[in-house]
Amino acid sequence: MNMRISKVLVIIAVGIFLLGIPYFVTSPYVMHIIIFSGIYIIFALSYDIVVGYLGMLSLGHPAFYGVGGYTSVLLVMKLDVPYVIALPIAGILALIVALIVGFPALRLSYHSFAIVTLAFTLIMRAVWINWVSLTNGPMGIPGVPRPTIDIPFLGAIHIETLTDYYYFILILVIITCLFIYFMIHSRVGRALLSIRENEVLAETLGVNAFKYRMIAFAIGAFFAGLAGSFTAHYITFMGPEFTDFYYITMLLIMVILGGSGTIHGVIIGAIAFTFIPEYLRITPEFRDVIYGIVLLITIIFMPEGIGGKINEIIYKRRVKTG
Amino acid sequence: METFFQLLVNGIAFGAIYAMVAVGLTIVFGILEVVNFAQGEFYMLAAYVTFLVYLVQIPYPLAIAIAVGTMVVIGLVVERFAIRPLIGRAWQLPILSTLGISIIMQNGAIVIWTPNPRTIIIDIANLNIDIFGVVIVFQKLMIVFFALALFIGLHYFIQKTKTGKAMRAVSQNKEACRIIGIDVPRISSITFALGAGLSGFGGALVAPVMAIHPVMGIFLVLKCFAAVIMGGFGNIKGTICSAFILAIVESFAVAYVSLQYKDVFAFLVMIIILLFRPAGIFGKKVGI
Amino acid sequence: MDDVILEIRDYVTGYNEIDIIRGVSIQIKGHEIACVIGPNGAGKSTLFKGIFGLLKARNGSNHFDGSDITNLSPDEILKRGLSYVPQGRCNFPAMTVRENLEMGAFIRNDDKVESDIGEVMEKFPVLREKENELAGNLSGGEQQILEMGRALLLHPKLIMLDEPSLGLAPKATELVFEKINDINADGTTILIVEQNAKRALSISHHAIVLELGKKRFEGTGEEIMYNEQVKRLYLGG
Amino acid sequence: MRKQLTVMTILFLFVSFSSFVFAADPIRIGYIGPLTGSVGLLGNEAMKGATLAAEQINAAGGLLGRQIKVYAADDKCNPAESVSATRKIITRDRVVATIGHVCSSATLAGMPINKQQKIPHVVETSTNPMITARAGKGGNKWLFRPNLPDDINAMVFAKMIVEIGGPKSSYLMVNDDWGRGVATSFKKVMEEHGGKVLSVDYYDEGETNFMSVLTKIKGLKPTSLFVSARTGSGVVIMKQFAELGMKMPVFNQGDMVNEQFVKLVGKDVAEGLIGSESWYPGIDRPMNKKFEQDYIARWGYDPIEPSAYGYVGVQLIAEAIRISKKATPAAIRDGLEKMDMDTISGHVKFDEHNQAWTWVVIAKITDGKVKVVKEVQVDRPAGYWEKWEKKLKK
């Protein structure tokens, strides 16, 4: 009982803190990084569905981010679709693309899957760069409109200031976290874990591994698409650079260092690796070298990540206290 | 007609380079079951070492030897500290670790040598040989020659020597290797170093005919992945054939279809083949 | 009978944090055929892996032919004359029969390997017949014989065979046991684990019954075969 | 429970970081550009030019009695990074003006932040016409560009390609906003002057195999080859061009006509390359000669185009401060509007779209040295902005 009350109190405190951020953060730059942390939390959590819960090394995630971005930008700019509709369509299209890619790719061996998804990213990038009439190619699409959300009877909400964007991304982050939390505690989540731990055994228990892999891969793509769409309408620019391979390195560090397969770990990883690179006052050339070293050290000495370590500590304490 | 043969010659020359790097990838996969993302970086580093050594007036053939030797040593170090501790744990870890190594090496190269390209200018290497309008420079002829010699040597090494046989054995059954007294970690180290050396040899050979820059390996290694998958993971002959096929397809596709989609052709060929033959055209052999 | 060739004292080993072998002491004499039987999960295979150095000892010691082999590496143990043929097919399927035999002599550096391979083929004519075929294409019994032949290339003083008849047809099983007898007749000590307990006991001079990582019974093959308790518990009446 | 606490702690930590107050003693100017990646070379060169300009101004006593300090931020040639870098340098380094960006996509993404934060920006390397079409009148009043857009370069240079290189040309362009922009505008002008473009091919930055595409071009037998490439790819293209025994004249838009390039590919291969820019080394004016000497003295090697642009960028900001006699962002903006100054890359005076109409310099590699062939002062073509404004509306 006591535990429960304190838990509720903590949640309320965190809630107030999160809602209050725009009121005590005065620097627009810090607000900007906080908003980006939100984007990367969604992006990294969606990646973790594939890497952490499914246990497949996908290198195709930036492509879904790009699919999401291009979809909503083109819908809004070329077809005047309202953003409230364009945003979910961005996610759904990313999901459909994931199903198309996953259908052959998820039948391959682990290693082939990694390389085929990498190839997919590069192919998508080539399409965006070269299909100039649709995407404006490498010139990108400048002047992407800021989102307007029409609510019946209440009028339109224009997302314009950093504060508006902050609350918008906060809502998306909460939706993503809740969705993933309930997913992993559902049948689907249990099936995924059983496949990750022992595929053969899972199959003999009647779990259709391929089906669940498709589900997880597609859900991951859906949220990546949402993140991509939000980013494009926040930066007000969309271009093929959104799918740089650089994002894979960053995602891997967020997920692996944070602790793949743990929601809180990945959130910590995403926030830390949005803030740290911005604040490191080192020559930018060194930054990527440091990324690489951090990744390497984490893998060798702490493959369960920070989140995993925290879990371990909590587990040990629980065991000790009975 | 001239164009046709010129394209074929171009394809073969690049096929030889792809094949050298891809063979390294495939044997490492066959034995350690690790996709080595840093393979392209060995190629890049070897080119830089060749450049640095050549800069202090060491003759080019000796520079090649030094570059390859350096890559072998780096390969041994990488295997010992970044791969071996991860063997037997989750399968993604060694791959991620090579990805980390790749990021470090590539950006380290930028830090040390800046993104500016470097070149080595050797007159004989750039000597044009013109056969009825089809041109090839001396160095590319050398690349093809050395690649073929290397593949024959590698075949002999793997089929006939004790270490080569042990490598085959490890790729087929590690358990059986342990019970007949083969030191599996040692063979893994040798294999990884051999892979690094092959890639390094490729890098040292292209140094006089290419610009040397920190991202030169990345573009190449992606094609090599495609060759390895097409050839059937761990299948050396399949990988070599696929590397040449991809390079030739690419050569013609660029000229007759489009340069913009150059990097896509290899992957499309790979994906189409995987759709029909998930284990590659040549099928996955047991072992290398 | 001869002197003790393999002595296991209070041996404890296992995987992860679980002890599988929980204090076992066994003495095997030279030139005999000894067998270890017991129900599933008794730790028979684990015991062999431990003796061969594939698992770390947690307590106790193993002595072989006068020297301490506890926690030595497999190749050191092989050099002292103890070979091991594990359970299931454990060969190089994409190598020929001859190459597989050559691999058996991997740690040898002398020039008599060729003639020794000839001798092994003499002993097991089926291997000569299929010399250039890939091991993966051989039948189960042939593969088992190949693995036994491969073990002989180091002229071991003792061979440990883990479930040699696993998955074999009755006829092949017969052949394998025949060859085991032949090898023993040449003076090699044999230590065998078998699920086909009756057949194993019938050729054994010495038998040990393991249960849950501990020794339950010990005696001659015959004694164990006719021991009422063992019969009821493990031999299915 | 612990996880929320950890998150909170981390957030607090960073929030408190941001409230550090920096002493605002020197005048802070920001350079935003690619410092890493495939075009990192250009950004670093521009930064060196900017640093040199600041050092010279400081050595001469500074501005309004204060020193100048240049801060750098990496946009990685990536729009999202460009937004972060712009916000960072404005908020954290508290700069009063920014210069920079090489990649047009990074400029286009960073521009709105400058407008929102009311910090003037001088973009000196990006050449996409869209940038100034969106600046000044009816658009972003905080952005100024002293160098010429692609299509203007084309008016001079493309005509010359037809004149010197003959009527048939093949294009080999880098597949990015700049390469594509150059291709479109050059093709149009060449065709207007009776030239014919036999083929246009785009390659991705980092490409190492041009053999096939060059073989194809060789087979088409054009009278000239037009390449828009930066140094790295340029080296490979020219090496393979020579390898195939190709002989036609090569025209370049980009970074191939300089002495670093000659060193990289060898004298014989580079001989005869012709390029156009707003600046080349060897322009026969005292100001330019002094810049080249100073640059070599400071950094130990020859400047390339972005070095000069970075140098000019800082000089323009300094001049704007001198004009307004105040170092606030708004004052600098006003100063830039009133700008009327001679620089090493031409005379800078901004029009209603904040675009300066400087000159186009044509240079040729002769005996391994860059020789300026001619300088052409460009006047704004009639109806130029009307055309872009129309495009923008679409």
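As written, the chain order gives the labels A, B, C and D, with residue 1 at the start of each chain.
The working rule: a contact is a pair of C-beta atoms (placed from the backbone, for glycine too) under 8 Å apart; a residue touches a chain by one contact, two chains touch by 3 or more.
Everything numeric in this text was worked out from a predicted model, so none of it was measured.
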Most distant chain from subunit D by Cα centroid: C
Interchain centroid distance [CA atoms averaged], subunit B/subunit D, Å: 37
Subunit C-subunit D separation of Cα centroids, rounded to whole Å: 76
Subunit A and subunit B, separation of their C-alpha mean positions in angstrom: 34
Subunit B-subunit C separation of Cα centroids, rounded to whole Å: 43
Multi-partner residues of subunit C (each touching 2 or more other chains): none
Shared-contact residues (touching 2 or more other chains) in subunit D: 36, 40, 175, 202, 204
Subunit A residues counted as touching two or more neighbouring chains: 129-130, 283, 285, 288
Topology of the chain contact graph, where touching chains are joined (line, ring, star, complete, other): other
Pairs of chains, among all present, that meet the touch criterion: A-B, A-D, B-C, B-D
Contacting residues of subunit B [partner subunit A, same complex]: 29, 33, 35, 81-82, 85-86, 89-93, 95-97, 99-104, 106-108, 110-111, 222, 225-226, 229, 233, 258, 260-261, 263-264, 267-268, 270-271, 274-275, 278
In the complex with subunit B, residue positions of subunit A that touch it: 51, 55, 57, 104, 107-112, 114-116, 118-119, 122-123, 126, 129-130, 249, 252, 256, 283, 285-286, 288-289, 291-293, 295-296, 299-300, 303
Contacting residues of subunit B [partner subunit C, same complex]: 162, 165-166, 168-169, 172-173, 175-176, 178-183, 285-287
For the subunit D and subunit A complex, residues of the former touching the latter: 1-8, 10-11, 14-15, 17-19, 35-36, 40, 74, 76-80, 83-84, 87-88, 90-92, 104-105, 108-109, 112, 117, 128, 130, 134, 175-177, 179-181, 202, 204
Subunit D residues touching subunit B - in the complex, by the definition given at the top: 36-41, 44, 175, 201-204, 206-209, 211-213, 215-216, 218-219, 231-233, 235-236, 239, 242-245, 260, 264-266
